[in-house]
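By written order: A, B, C and D. Residues from 1 in each chain.
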Amino acid sequence: MTRQVAVCGPADCTRTDAANAHRVGELLAERGAVVICGGGTGVMAAVAAGARAKGGLVIGIRPGDSAAGACPDLSATIVTNMGEARNAVIVASADAVISIGGSWGTLSEVALAMRRGDIPVVALGGWHVVAADGTPVGGIHHAGTPEEAVDRALA
Amino acid sequence: MTRQVAVCGPADCTRTDAANAHRVGELLAERGAVVICGGGTGVMAAVAAGARAKGGLVIGIRPGDSAAGACPDLSATIVTNMGEARNAVIVASADAVISIGGSWGTLSEVALAMRRGDIPVVALGGWHVVAADGTPVGGIHHAGTPEEAVDRALA
Amino acid sequence: MTRQVAVCGPADCTRTDAANAHRVGELLAERGAVVICGGGTGVMAAVAAGARAKGGLVIGIRPGDSAAGACPDLSATIVTNMGEARNAVIVASADAVISIGGSWGTLSEVALAMRRGDIPVVALGGWHVVAADGTPVGGIHHAGTPEEAVDRALA
Amino acid sequence: MTRQVAVCGPADCTRTDAANAHRVGELLAERGAVVICGGGTGVMAAVAAGARAKGGLVIGIRPGDSAAGACPDLSATIVTNMGEARNAVIVASADAVISIGGSWGTLSEVALAMRRGDIPVVALGGWHVVAADGTPVGGIHHAGTPEEAVDRALA
(Lines give C-alpha, C1' and ligand atoms only; values in the text may rest on other atoms or scores of the structure.)
Protein backbone atom coordinates (compact mmCIF):
# COMPACT_ATOMS: atom_id res chain seq x y z
CA MET A 1 0.00 0.00 0.00
CA THR A 2 1.16 3.52 -0.70
CA ARG A 3 2.80 5.15 2.24
CA GLN A 4 1.71 8.57 3.41
CA VAL A 5 4.25 10.86 5.06
CA ALA A 6 3.28 14.04 6.85
CA VAL A 7 5.76 16.88 6.55
CA CYS A 8 5.26 19.63 9.12
CA GLY A 9 6.96 22.96 9.63
CA PRO A 10 6.50 26.68 10.13
CA ALA A 11 4.47 28.83 7.76
CA ASP A 12 7.17 31.46 8.32
CA CYS A 13 10.34 29.42 7.95
CA THR A 14 14.06 29.98 7.32
CA ARG A 15 15.65 29.61 3.88
CA THR A 16 17.39 26.47 5.09
CA ASP A 17 14.09 25.00 6.24
CA ALA A 18 12.50 25.78 2.88
CA ALA A 19 15.38 24.19 0.97
CA ASN A 20 15.23 21.11 3.19
CA ALA A 21 11.47 20.87 2.75
CA HIS A 22 11.74 21.12 -1.03
CA ARG A 23 14.32 18.34 -1.07
CA VAL A 24 12.25 16.17 1.27
CA GLY A 25 9.30 16.60 -1.06
CA GLU A 26 11.37 15.54 -4.05
CA LEU A 27 12.69 12.47 -2.27
CA LEU A 28 9.30 11.37 -1.01
CA ALA A 29 7.79 11.71 -4.47
CA GLU A 30 10.65 9.79 -6.04
CA ARG A 31 10.04 6.98 -3.59
CA GLY A 32 6.32 6.90 -4.29
CA ALA A 33 5.05 8.25 -0.98
CA VAL A 34 2.04 10.54 -0.76
CA VAL A 35 2.90 13.81 0.99
CA ILE A 36 0.46 15.14 3.59
CA CYS A 37 1.01 18.71 4.72
CA GLY A 38 -0.81 21.70 6.11
CA GLY A 39 -1.15 23.26 2.67
CA GLY A 40 0.02 26.75 3.65
CA THR A 41 3.17 28.81 3.18
CA GLY A 42 6.77 28.19 4.28
CA VAL A 43 7.71 24.56 4.83
CA MET A 44 4.24 23.47 3.65
CA ALA A 45 4.55 25.22 0.30
CA ALA A 46 8.15 24.09 -0.18
CA VAL A 47 7.50 20.41 0.41
CA ALA A 48 4.50 20.58 -1.91
CA ALA A 49 6.57 22.23 -4.64
CA GLY A 50 9.32 19.64 -4.27
CA ALA A 51 6.94 16.73 -4.45
CA ARG A 52 5.04 18.12 -7.44
CA ALA A 53 8.31 18.78 -9.26
CA LYS A 54 8.84 15.03 -9.19
CA GLY A 55 5.26 14.16 -10.11
CA GLY A 56 4.20 13.28 -6.59
CA LEU A 57 0.80 13.43 -4.93
CA VAL A 58 0.43 16.12 -2.26
CA ILE A 59 -2.61 16.61 -0.03
CA GLY A 60 -2.97 19.87 1.89
CA ILE A 61 -5.07 19.82 5.05
CA ARG A 62 -6.21 23.36 5.72
CA PRO A 63 -7.36 24.86 9.03
CA GLY A 64 -9.85 27.42 7.71
CA ASP A 65 -13.26 27.28 6.09
CA SER A 66 -12.11 27.56 2.49
CA ALA A 67 -9.21 26.70 0.23
CA ALA A 68 -8.17 30.36 0.21
CA GLY A 69 -4.51 30.72 1.08
CA ALA A 70 -3.63 27.19 0.07
CA CYS A 71 -0.24 26.76 -1.58
CA PRO A 72 -0.34 26.19 -5.36
CA ASP A 73 1.16 22.70 -5.62
CA LEU A 74 -1.53 20.64 -3.96
CA SER A 75 -3.17 17.70 -5.73
CA ALA A 76 -6.19 18.06 -3.45
CA THR A 77 -7.15 20.38 -0.64
CA ILE A 78 -8.95 19.14 2.44
CA VAL A 79 -10.76 22.02 4.11
CA THR A 80 -11.26 21.01 7.72
CA ASN A 81 -12.62 24.26 9.17
CA MET A 82 -11.30 23.02 12.49
CA GLY A 83 -8.37 25.35 13.09
CA GLU A 84 -5.29 23.82 14.66
CA ALA A 85 -7.21 20.63 15.47
CA ARG A 86 -6.40 19.87 11.85
CA ASN A 87 -2.87 19.15 13.07
CA ALA A 88 -4.28 15.99 14.65
CA VAL A 89 -5.76 14.97 11.30
CA ILE A 90 -2.42 15.48 9.54
CA VAL A 91 -0.72 13.28 12.11
CA ALA A 92 -3.47 10.63 12.14
CA SER A 93 -3.23 10.30 8.36
CA ALA A 94 0.53 9.65 8.37
CA ASP A 95 2.63 6.50 8.32
CA ALA A 96 5.55 8.70 9.40
CA VAL A 97 6.06 12.35 10.34
CA ILE A 98 8.96 14.59 9.34
CA SER A 99 9.18 17.99 11.03
CA ILE A 100 11.35 20.69 9.51
CA GLY A 101 12.13 23.76 11.61
CA GLY A 102 10.58 24.95 14.83
CA SER A 103 7.30 26.63 15.74
CA TRP A 104 4.55 25.99 18.25
CA GLY A 105 2.23 24.58 15.62
CA THR A 106 4.98 22.28 14.38
CA LEU A 107 5.73 21.18 17.92
CA SER A 108 2.07 20.32 18.46
CA GLU A 109 2.26 18.00 15.46
CA VAL A 110 5.46 16.36 16.69
CA ALA A 111 3.92 15.89 20.14
CA LEU A 112 0.73 14.41 18.69
CA ALA A 113 2.82 12.06 16.55
CA MET A 114 4.86 10.93 19.57
CA ARG A 115 1.60 10.55 21.49
CA ARG A 116 0.45 8.05 18.84
CA GLY A 117 3.55 6.03 19.60
CA ASP A 118 3.34 3.81 16.53
CA ILE A 119 5.04 5.76 13.74
CA PRO A 120 8.52 7.15 13.09
CA VAL A 121 8.93 10.81 14.04
CA VAL A 122 11.90 12.52 12.43
CA ALA A 123 13.06 16.11 13.01
CA LEU A 124 15.23 18.08 10.61
CA GLY A 125 16.31 21.16 12.51
CA GLY A 126 13.93 22.86 14.89
CA TRP A 127 13.33 22.57 18.59
CA HIS A 128 14.24 19.97 21.18
CA VAL A 129 12.29 18.70 24.15
CA VAL A 130 14.19 18.21 27.39
CA ALA A 131 13.43 17.31 31.00
CA ALA A 132 13.86 19.88 33.76
CA ASP A 133 17.51 18.86 34.19
CA GLY A 134 18.26 19.32 30.50
CA THR A 135 18.38 15.66 29.50
CA PRO A 136 16.65 15.02 26.16
CA VAL A 137 13.25 13.36 26.15
CA GLY A 138 13.75 10.39 23.84
CA GLY A 139 11.84 9.16 20.86
CA ILE A 140 12.31 11.75 18.13
CA HIS A 141 15.01 10.98 15.58
CA HIS A 142 16.96 14.15 14.82
CA ALA A 143 18.23 13.84 11.26
CA GLY A 144 21.07 15.83 9.71
CA THR A 145 19.98 15.86 6.07
CA PRO A 146 16.81 15.51 3.97
CA GLU A 147 18.10 12.15 2.73
CA GLU A 148 18.55 10.83 6.26
CA ALA A 149 15.13 12.16 7.29
CA VAL A 150 13.37 10.41 4.40
CA ASP A 151 15.34 7.20 4.93
CA ARG A 152 14.24 7.09 8.55
CA ALA A 153 10.67 7.96 7.74
CA LEU A 154 10.39 5.18 5.16
CA ALA A 155 12.59 2.61 6.97
CA MET B 1 -8.61 25.67 -10.13
CA THR B 2 -9.55 22.02 -9.93
CA ARG B 3 -13.03 21.47 -8.62
CA GLN B 4 -13.62 19.08 -5.76
CA VAL B 5 -16.96 17.26 -5.57
CA ALA B 6 -18.05 15.29 -2.53
CA VAL B 7 -20.10 12.19 -3.24
CA CYS B 8 -21.98 10.85 -0.22
CA GLY B 9 -24.10 7.79 0.29
CA PRO B 10 -24.76 4.72 2.39
CA ALA B 11 -22.07 2.18 3.22
CA ASP B 12 -24.83 -0.40 2.78
CA CYS B 13 -26.49 0.72 -0.46
CA THR B 14 -28.77 -0.67 -3.13
CA ARG B 15 -27.47 -2.00 -6.45
CA THR B 16 -29.00 1.00 -8.21
CA ASP B 17 -27.19 3.36 -5.84
CA ALA B 18 -23.90 1.56 -6.47
CA ALA B 19 -24.36 1.73 -10.24
CA ASN B 20 -25.26 5.40 -10.05
CA ALA B 21 -22.24 6.09 -7.85
CA HIS B 22 -19.89 4.29 -10.21
CA ARG B 23 -21.19 6.33 -13.13
CA VAL B 24 -20.97 9.59 -11.18
CA GLY B 25 -17.35 8.75 -10.39
CA GLU B 26 -16.59 8.14 -14.05
CA LEU B 27 -18.22 11.37 -15.12
CA LEU B 28 -16.48 13.47 -12.48
CA ALA B 29 -13.10 12.01 -13.41
CA GLU B 30 -13.73 12.61 -17.10
CA ARG B 31 -14.47 16.22 -16.34
CA GLY B 32 -11.35 16.64 -14.26
CA ALA B 33 -12.95 16.99 -10.85
CA VAL B 34 -11.35 15.56 -7.71
CA VAL B 35 -13.73 13.20 -5.92
CA ILE B 36 -14.01 13.48 -2.13
CA CYS B 37 -15.78 10.64 -0.36
CA GLY B 38 -15.96 8.83 2.93
CA GLY B 39 -13.65 6.10 1.71
CA GLY B 40 -15.75 3.16 2.91
CA THR B 41 -18.01 0.57 1.32
CA GLY B 42 -21.22 0.96 -0.72
CA VAL B 43 -21.61 4.28 -2.50
CA MET B 44 -18.18 5.37 -1.30
CA ALA B 45 -16.41 2.38 -2.82
CA ALA B 46 -18.43 2.59 -6.03
CA VAL B 47 -17.74 6.25 -6.72
CA ALA B 48 -14.05 5.67 -6.01
CA ALA B 49 -13.95 2.72 -8.41
CA GLY B 50 -15.70 4.71 -11.12
CA ALA B 51 -13.38 7.67 -10.79
CA ARG B 52 -10.24 5.56 -10.75
CA ALA B 53 -11.42 3.64 -13.79
CA LYS B 54 -11.19 6.94 -15.65
CA GLY B 55 -7.87 7.96 -14.10
CA GLY B 56 -9.38 10.38 -11.62
CA LEU B 57 -8.13 11.49 -8.23
CA VAL B 58 -10.16 10.23 -5.25
CA ILE B 59 -9.61 11.22 -1.64
CA GLY B 60 -11.23 9.14 1.11
CA ILE B 61 -11.90 10.82 4.43
CA ARG B 62 -12.16 8.13 7.07
CA PRO B 63 -13.87 8.30 10.46
CA GLY B 64 -11.64 5.91 12.41
CA ASP B 65 -8.09 5.98 13.69
CA SER B 66 -6.49 4.07 10.84
CA ALA B 67 -6.85 3.40 7.13
CA ALA B 68 -8.20 -0.07 7.90
CA GLY B 69 -11.46 -0.67 6.07
CA ALA B 70 -10.78 1.93 3.42
CA CYS B 71 -11.98 1.06 -0.06
CA PRO B 72 -9.23 0.07 -2.51
CA ASP B 73 -9.51 2.83 -5.11
CA LEU B 74 -8.39 5.83 -3.11
CA SER B 75 -5.52 8.03 -4.28
CA ALA B 76 -4.99 9.14 -0.69
CA THR B 77 -6.64 8.37 2.62
CA ILE B 78 -7.25 11.05 5.22
CA VAL B 79 -7.61 9.46 8.62
CA THR B 80 -9.52 11.91 10.76
CA ASN B 81 -10.13 9.82 13.89
CA MET B 82 -13.14 12.04 14.49
CA GLY B 83 -16.01 9.69 13.81
CA GLU B 84 -19.00 11.17 12.04
CA ALA B 85 -17.64 14.68 12.54
CA ARG B 86 -15.61 13.77 9.50
CA ASN B 87 -18.82 14.30 7.52
CA ALA B 88 -18.36 18.02 8.14
CA VAL B 89 -14.83 17.84 6.72
CA ILE B 90 -16.09 16.09 3.58
CA VAL B 91 -18.67 18.82 3.08
CA ALA B 92 -16.29 21.67 3.90
CA SER B 93 -13.83 20.39 1.30
CA ALA B 94 -16.38 20.32 -1.51
CA ASP B 95 -17.29 22.76 -4.26
CA ALA B 96 -20.48 20.72 -4.71
CA VAL B 97 -22.11 17.75 -3.00
CA ILE B 98 -23.89 14.84 -4.68
CA SER B 99 -25.78 12.43 -2.43
CA ILE B 100 -26.75 9.02 -3.74
CA GLY B 101 -29.25 6.99 -1.74
CA GLY B 102 -30.58 7.49 1.75
CA SER B 103 -29.15 6.92 5.23
CA TRP B 104 -28.81 9.00 8.35
CA GLY B 105 -25.11 9.58 7.78
CA THR B 106 -25.82 10.66 4.21
CA LEU B 107 -28.59 12.97 5.40
CA SER B 108 -26.20 14.59 7.88
CA GLU B 109 -23.91 15.42 4.99
CA VAL B 110 -26.73 16.83 2.89
CA ALA B 111 -27.90 18.93 5.83
CA LEU B 112 -24.39 20.22 6.54
CA ALA B 113 -24.01 21.10 2.86
CA MET B 114 -27.32 22.98 2.83
CA ARG B 115 -26.26 24.68 6.08
CA ARG B 116 -23.20 26.03 4.23
CA GLY B 117 -25.54 27.62 1.75
CA ASP B 118 -22.91 28.40 -0.87
CA ILE B 119 -22.56 25.21 -2.91
CA PRO B 120 -24.83 23.11 -5.14
CA VAL B 121 -26.40 20.14 -3.35
CA VAL B 122 -27.71 17.44 -5.65
CA ALA B 123 -29.55 14.25 -4.64
CA LEU B 124 -29.81 11.13 -6.78
CA GLY B 125 -32.39 8.97 -5.11
CA GLY B 126 -32.63 8.81 -1.35
CA TRP B 127 -34.67 10.68 1.18
CA HIS B 128 -36.63 13.90 1.07
CA VAL B 129 -37.05 16.60 3.68
CA VAL B 130 -40.53 18.03 4.16
CA ALA B 131 -42.32 20.41 6.48
CA ALA B 132 -44.96 19.15 8.91
CA ASP B 133 -47.66 19.63 6.25
CA GLY B 134 -45.73 17.59 3.71
CA THR B 135 -44.50 20.44 1.52
CA PRO B 136 -40.89 19.95 0.44
CA VAL B 137 -38.18 22.04 2.07
CA GLY B 138 -36.45 23.66 -0.88
CA GLY B 139 -32.82 23.89 -1.87
CA ILE B 140 -31.76 20.39 -2.80
CA HIS B 141 -31.81 19.57 -6.49
CA HIS B 142 -33.22 16.07 -7.01
CA ALA B 143 -31.62 14.68 -10.15
CA GLY B 144 -32.90 11.78 -12.22
CA THR B 145 -29.65 10.46 -13.69
CA PRO B 146 -25.91 10.47 -12.93
CA GLU B 147 -25.40 12.76 -15.93
CA GLU B 148 -27.91 15.30 -14.62
CA ALA B 149 -26.41 15.11 -11.13
CA VAL B 150 -22.89 15.81 -12.39
CA ASP B 151 -24.09 18.56 -14.72
CA ARG B 152 -25.78 20.31 -11.82
CA ALA B 153 -22.83 19.83 -9.50
CA LEU B 154 -20.39 21.32 -12.01
CA ALA B 155 -22.72 23.96 -13.45
CA MET C 1 -24.91 9.14 36.75
CA THR C 2 -26.26 12.49 35.64
CA ARG C 3 -27.98 12.36 32.30
CA GLN C 4 -27.00 14.81 29.59
CA VAL C 5 -29.62 15.86 27.06
CA ALA C 6 -28.78 17.79 23.92
CA VAL C 7 -31.37 20.31 22.80
CA CYS C 8 -30.96 21.46 19.20
CA GLY C 9 -32.79 24.02 17.15
CA PRO C 10 -32.51 27.02 14.88
CA ALA C 11 -30.59 30.15 15.87
CA ASP C 12 -33.39 32.04 14.12
CA CYS C 13 -36.50 30.32 15.48
CA THR C 14 -40.22 30.96 15.79
CA ARG C 15 -41.83 32.24 18.98
CA THR C 16 -43.43 28.84 19.50
CA ASP C 17 -40.05 27.13 19.18
CA ALA C 18 -38.55 29.53 21.71
CA ALA C 19 -41.37 28.98 24.18
CA ASN C 20 -41.06 25.22 23.75
CA ALA C 21 -37.31 25.37 24.22
CA HIS C 22 -37.62 27.45 27.38
CA ARG C 23 -40.08 24.94 28.83
CA VAL C 24 -37.89 21.97 27.82
CA GLY C 25 -34.98 23.63 29.62
CA GLU C 26 -37.04 24.10 32.76
CA LEU C 27 -38.21 20.50 32.73
CA LEU C 28 -34.75 19.06 32.14
CA ALA C 29 -33.29 21.14 34.98
CA GLU C 30 -36.09 20.12 37.31
CA ARG C 31 -35.32 16.50 36.57
CA GLY C 32 -31.60 16.93 37.16
CA ALA C 33 -30.37 16.54 33.61
CA VAL C 34 -27.45 18.55 32.26
CA VAL C 35 -28.44 20.49 29.13
CA ILE C 36 -26.03 20.47 26.20
CA CYS C 37 -26.72 22.99 23.45
CA GLY C 38 -25.03 25.00 20.74
CA GLY C 39 -24.78 28.06 22.96
CA GLY C 40 -26.11 30.55 20.42
CA THR C 41 -29.36 32.45 19.84
CA GLY C 42 -32.91 31.20 19.24
CA VAL C 43 -33.68 27.73 20.56
CA MET C 44 -30.19 27.50 22.07
CA ALA C 45 -30.61 30.66 24.13
CA ALA C 46 -34.16 29.76 25.15
CA VAL C 47 -33.34 26.30 26.44
CA ALA C 48 -30.37 27.72 28.34
CA ALA C 49 -32.53 30.41 29.92
CA GLY C 50 -35.18 27.87 30.90
CA ALA C 51 -32.67 25.52 32.48
CA ARG C 52 -30.87 28.26 34.36
CA ALA C 53 -34.17 29.62 35.66
CA LYS C 54 -34.55 26.30 37.46
CA GLY C 55 -30.94 26.15 38.65
CA GLY C 56 -29.81 23.69 36.00
CA LEU C 57 -26.41 23.18 34.46
CA VAL C 58 -26.11 24.20 30.80
CA ILE C 59 -23.07 23.67 28.58
CA GLY C 60 -22.84 25.58 25.31
CA ILE C 61 -20.71 24.07 22.55
CA ARG C 62 -19.70 26.85 20.20
CA PRO C 63 -18.59 26.60 16.57
CA GLY C 64 -16.22 29.58 16.44
CA ASP C 65 -12.82 30.38 17.88
CA SER C 66 -14.02 32.36 20.89
CA ALA C 67 -16.91 32.61 23.31
CA ALA C 68 -18.11 35.77 21.54
CA GLY C 69 -21.77 35.48 20.64
CA ALA C 70 -22.52 32.86 23.28
CA CYS C 71 -25.90 33.16 24.95
CA PRO C 72 -25.84 34.51 28.51
CA ASP C 73 -27.17 31.55 30.47
CA LEU C 74 -24.37 29.06 30.02
CA SER C 75 -22.64 27.44 33.00
CA ALA C 76 -19.62 26.77 30.80
CA THR C 77 -18.72 27.45 27.19
CA ILE C 78 -16.83 24.94 25.11
CA VAL C 79 -15.13 26.69 22.22
CA THR C 80 -14.52 24.07 19.57
CA ASN C 81 -13.30 26.23 16.68
CA MET C 82 -14.54 23.47 14.41
CA GLY C 83 -17.55 25.07 12.79
CA GLU C 84 -20.54 22.83 12.21
CA ALA C 85 -18.47 19.75 13.06
CA ARG C 86 -19.31 20.83 16.57
CA ASN C 87 -22.79 19.44 15.93
CA ALA C 88 -21.23 15.97 16.09
CA VAL C 89 -19.73 16.80 19.49
CA ILE C 90 -23.11 17.96 20.81
CA VAL C 91 -24.68 14.71 19.67
CA ALA C 92 -21.83 12.50 20.91
CA SER C 93 -22.11 14.07 24.37
CA ALA C 94 -25.82 13.36 24.72
CA ASP C 95 -27.78 10.53 26.33
CA ALA C 96 -30.79 11.79 24.36
CA VAL C 97 -31.43 14.50 21.74
CA ILE C 98 -34.44 16.80 21.53
CA SER C 99 -34.80 18.91 18.39
CA ILE C 100 -37.10 21.90 18.42
CA GLY C 101 -37.97 23.51 15.10
CA GLY C 102 -36.45 23.04 11.69
CA SER C 103 -33.22 24.19 10.04
CA TRP C 104 -30.42 22.50 8.14
CA GLY C 105 -28.08 22.69 11.10
CA THR C 106 -30.75 21.18 13.33
CA LEU C 107 -31.41 18.43 10.81
CA SER C 108 -27.70 17.59 10.72
CA GLU C 109 -27.84 17.04 14.47
CA VAL C 110 -30.94 14.87 14.24
CA ALA C 111 -29.35 12.83 11.45
CA LEU C 112 -26.12 12.39 13.40
CA ALA C 113 -28.10 11.30 16.44
CA MET C 114 -30.07 8.76 14.40
CA ARG C 115 -26.76 7.62 12.87
CA ARG C 116 -25.54 6.81 16.40
CA GLY C 117 -28.55 4.56 16.77
CA ASP C 118 -28.26 4.13 20.53
CA ILE C 119 -30.09 7.13 22.02
CA PRO C 120 -33.64 8.50 21.95
CA VAL C 121 -34.18 11.19 19.33
CA VAL C 122 -37.24 13.36 19.91
CA ALA C 123 -38.55 16.12 17.65
CA LEU C 124 -40.84 18.93 18.79
CA GLY C 125 -42.02 20.62 15.64
CA GLY C 126 -39.71 21.02 12.71
CA TRP C 127 -39.05 19.01 9.62
CA HIS C 128 -39.82 15.42 8.67
CA VAL C 129 -37.77 12.92 6.70
CA VAL C 130 -39.60 10.82 4.13
CA ALA C 131 -38.78 8.30 1.42
CA ALA C 132 -39.29 9.16 -2.25
CA ASP C 133 -42.88 7.86 -2.07
CA GLY C 134 -43.69 10.06 0.91
CA THR C 135 -43.66 7.37 3.60
CA PRO C 136 -41.94 8.53 6.79
CA VAL C 137 -38.47 7.26 7.57
CA GLY C 138 -38.88 5.79 11.05
CA GLY C 139 -36.94 6.28 14.23
CA ILE C 140 -37.56 9.86 15.32
CA HIS C 141 -40.26 10.33 17.95
CA HIS C 142 -42.37 13.36 17.08
CA ALA C 143 -43.65 14.79 20.36
CA GLY C 144 -46.58 17.16 20.76
CA THR C 145 -45.54 19.03 23.91
CA PRO C 146 -42.38 19.89 25.86
CA GLU C 147 -43.53 17.52 28.61
CA GLU C 148 -43.89 14.63 26.20
CA ALA C 149 -40.52 15.42 24.61
CA VAL C 150 -38.73 15.40 27.96
CA ASP C 151 -40.53 12.27 29.11
CA ARG C 152 -39.41 10.44 25.99
CA ALA C 153 -35.87 11.74 26.22
CA LEU C 154 -35.50 10.63 29.83
CA ALA C 155 -37.55 7.40 29.56
CA MET D 1 -17.60 36.82 32.86
CA THR D 2 -16.49 33.57 34.45
CA ARG D 3 -12.98 32.60 33.54
CA GLN D 4 -12.25 29.13 32.24
CA VAL D 5 -8.84 27.59 32.94
CA ALA D 6 -7.63 24.43 31.24
CA VAL D 7 -5.46 22.17 33.37
CA CYS D 8 -3.48 19.61 31.39
CA GLY D 9 -1.22 16.79 32.43
CA PRO D 10 -0.40 13.11 32.08
CA ALA D 11 -2.97 10.37 32.64
CA ASP D 12 -0.12 8.46 34.26
CA CYS D 13 1.44 11.11 36.50
CA THR D 14 3.77 11.32 39.51
CA ARG D 15 2.49 11.76 43.06
CA THR D 16 3.87 15.28 43.08
CA ASP D 17 1.98 16.09 39.87
CA ALA D 18 -1.24 14.69 41.36
CA ALA D 19 -0.82 16.71 44.56
CA ASN D 20 -0.09 19.84 42.56
CA ALA D 21 -3.11 19.23 40.34
CA HIS D 22 -5.40 18.73 43.32
CA ARG D 23 -4.22 21.99 44.84
CA VAL D 24 -4.56 23.86 41.54
CA GLY D 25 -8.14 22.59 41.33
CA GLU D 26 -8.92 23.83 44.82
CA LEU D 27 -7.43 27.24 44.13
CA LEU D 28 -9.23 27.68 40.81
CA ALA D 29 -12.56 26.73 42.39
CA GLU D 30 -12.00 29.10 45.31
CA ARG D 31 -11.39 31.90 42.85
CA GLY D 32 -14.52 31.10 40.85
CA ALA D 33 -12.89 29.79 37.69
CA VAL D 34 -14.39 26.93 35.69
CA VAL D 35 -11.89 24.08 35.26
CA ILE D 36 -11.58 22.48 31.83
CA CYS D 37 -9.66 19.21 31.68
CA GLY D 38 -9.35 16.02 29.69
CA GLY D 39 -11.58 14.15 32.12
CA GLY D 40 -9.34 11.10 32.50
CA THR D 41 -6.97 9.73 35.15
CA GLY D 42 -3.82 11.22 36.70
CA VAL D 43 -3.58 14.99 36.60
CA MET D 44 -7.05 15.20 35.03
CA ALA D 45 -8.71 13.28 37.87
CA ALA D 46 -6.73 15.13 40.53
CA VAL D 47 -7.59 18.62 39.34
CA ALA D 48 -11.25 17.61 39.05
CA ALA D 49 -11.25 16.21 42.60
CA GLY D 50 -9.61 19.35 43.96
CA ALA D 51 -12.05 21.66 42.23
CA ARG D 52 -15.12 19.67 43.27
CA ALA D 53 -13.86 19.56 46.87
CA LYS D 54 -14.28 23.33 46.85
CA GLY D 55 -17.60 23.32 45.03
CA GLY D 56 -16.16 24.25 41.66
CA LEU D 57 -17.44 23.50 38.19
CA VAL D 58 -15.33 21.03 36.19
CA ILE D 59 -15.87 20.08 32.55
CA GLY D 60 -14.14 16.99 31.18
CA ILE D 61 -13.50 16.85 27.45
CA ARG D 62 -13.08 13.22 26.47
CA PRO D 63 -11.34 11.77 23.41
CA GLY D 64 -13.44 8.63 22.94
CA ASP D 65 -16.99 7.91 21.80
CA SER D 66 -18.55 7.58 25.26
CA ALA D 67 -18.19 8.85 28.80
CA ALA D 68 -16.68 5.50 29.82
CA GLY D 69 -13.43 6.02 31.68
CA ALA D 70 -14.24 9.57 32.71
CA CYS D 71 -13.04 10.59 36.16
CA PRO D 72 -15.78 10.81 38.81
CA ASP D 73 -15.66 14.51 39.72
CA LEU D 74 -16.89 16.06 36.51
CA SER D 75 -19.87 18.42 36.46
CA ALA D 76 -20.39 17.60 32.80
CA THR D 77 -18.68 15.37 30.29
CA ILE D 78 -18.15 16.45 26.70
CA VAL D 79 -17.70 13.40 24.50
CA THR D 80 -15.84 14.57 21.43
CA ASN D 81 -15.11 11.23 19.73
CA MET D 82 -12.20 13.01 18.08
CA GLY D 83 -9.22 11.43 19.80
CA GLU D 84 -6.33 13.73 20.56
CA ALA D 85 -7.84 16.46 18.41
CA ARG D 86 -9.86 17.08 21.55
CA ASN D 87 -6.70 18.65 22.96
CA ALA D 88 -7.31 21.55 20.59
CA VAL D 89 -10.84 21.95 21.97
CA ILE D 90 -9.55 22.02 25.55
CA VAL D 91 -7.10 24.74 24.60
CA ALA D 92 -9.59 26.73 22.51
CA SER D 93 -12.03 26.78 25.44
CA ALA D 94 -9.50 28.22 27.90
CA ASP D 95 -8.73 31.74 29.05
CA ALA D 96 -5.47 30.34 30.44
CA VAL D 97 -3.69 26.97 30.40
CA ILE D 98 -1.81 25.34 33.27
CA SER D 99 0.22 22.22 32.47
CA ILE D 100 1.32 19.94 35.27
CA GLY D 101 3.95 17.31 34.52
CA GLY D 102 5.27 16.07 31.20
CA SER D 103 3.92 13.81 28.48
CA TRP D 104 3.52 14.06 24.73
CA GLY D 105 -0.20 14.69 24.99
CA THR D 106 0.42 17.42 27.55
CA LEU D 107 3.10 18.96 25.36
CA SER D 108 0.68 19.04 22.43
CA GLU D 109 -1.71 21.09 24.56
CA VAL D 110 1.04 23.48 25.66
CA ALA D 111 2.16 23.89 22.06
CA LEU D 112 -1.40 24.52 20.84
CA ALA D 113 -1.88 27.08 23.62
CA MET D 114 1.35 28.87 22.67
CA ARG D 115 0.25 28.69 19.03
CA ARG D 116 -2.88 30.65 20.00
CA GLY D 117 -0.61 33.34 21.35
CA ASP D 118 -3.30 35.21 23.27
CA ILE D 119 -3.55 33.44 26.64
CA PRO D 120 -1.22 32.80 29.60
CA VAL D 121 0.49 29.41 29.48
CA VAL D 122 1.89 28.25 32.80
CA ALA D 123 3.89 25.07 33.46
CA LEU D 124 4.26 23.42 36.84
CA GLY D 125 6.96 20.81 36.43
CA GLY D 126 7.23 18.84 33.22
CA TRP D 127 9.22 19.32 30.09
CA HIS D 128 11.04 22.27 28.57
CA VAL D 129 11.37 23.34 24.96
CA VAL D 130 14.81 24.49 23.81
CA ALA D 131 16.50 25.50 20.59
CA ALA D 132 19.21 23.32 19.06
CA ASP D 133 21.86 25.16 21.09
CA GLY D 134 20.02 24.54 24.35
CA THR D 135 18.64 28.05 24.87
CA PRO D 136 15.04 28.01 26.10
CA VAL D 137 12.25 28.90 23.68
CA GLY D 138 10.42 31.70 25.49
CA GLY D 139 6.77 32.23 26.27
CA ILE D 140 5.84 29.58 28.81
CA HIS D 141 5.87 30.70 32.44
CA HIS D 142 7.45 27.98 34.58
CA ALA D 143 5.87 28.26 38.03
CA GLY D 144 7.28 26.79 41.25
CA THR D 145 4.05 26.24 43.19
CA PRO D 146 0.33 25.71 42.54
CA GLU D 147 -0.32 29.14 44.05
CA GLU D 148 2.09 30.82 41.65
CA ALA D 149 0.64 28.86 38.71
CA VAL D 150 -2.92 29.95 39.49
CA ASP D 151 -1.87 33.55 40.16
CA ARG D 152 -0.22 33.71 36.77
CA ALA D 153 -3.12 32.02 35.01
CA LEU D 154 -5.65 34.45 36.47
CA ALA D 155 -3.43 37.56 36.39
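Following the convention adopted for this analysis, a residue touches a chain if its C-beta (ideal position, glycine included) is under 8 Å from a C-beta of that chain, and two chains touch if they have at least 3 such contacts.
Everything quoted here is computed from the prediction, not taken from an experiment.
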Set of chains whose contacts include both chain B and chain A:
C, D
Count the touching C-beta pairs: is A-C or A-D ahead?
A-D
Between the Cα centroids of chain A and chain D the separation in whole angstrom comes to 27
Find the geometric centre of each of chain A and chain C from their Cα atoms only, then give the gap between the two centres in Å, rounded to an integer.
39
Multi-partner residues of chain D (at least 2 other chains)
65, 80-85, 88-89, 92
Chain A-touching residues of chain D, taken from the complex the two chains share:
82-85, 87-89, 92, 102-105, 107-108, 111-112, 114-116, 125-132, 134, 137, 139
Interface with chain A, chain B side, in the complex: residues 1-2, 4, 34, 36, 57, 59, 61, 65, 67, 75-82, 88-89, 92-93
For chain D, which residues count as touching chain B in their complex?
65, 80-85
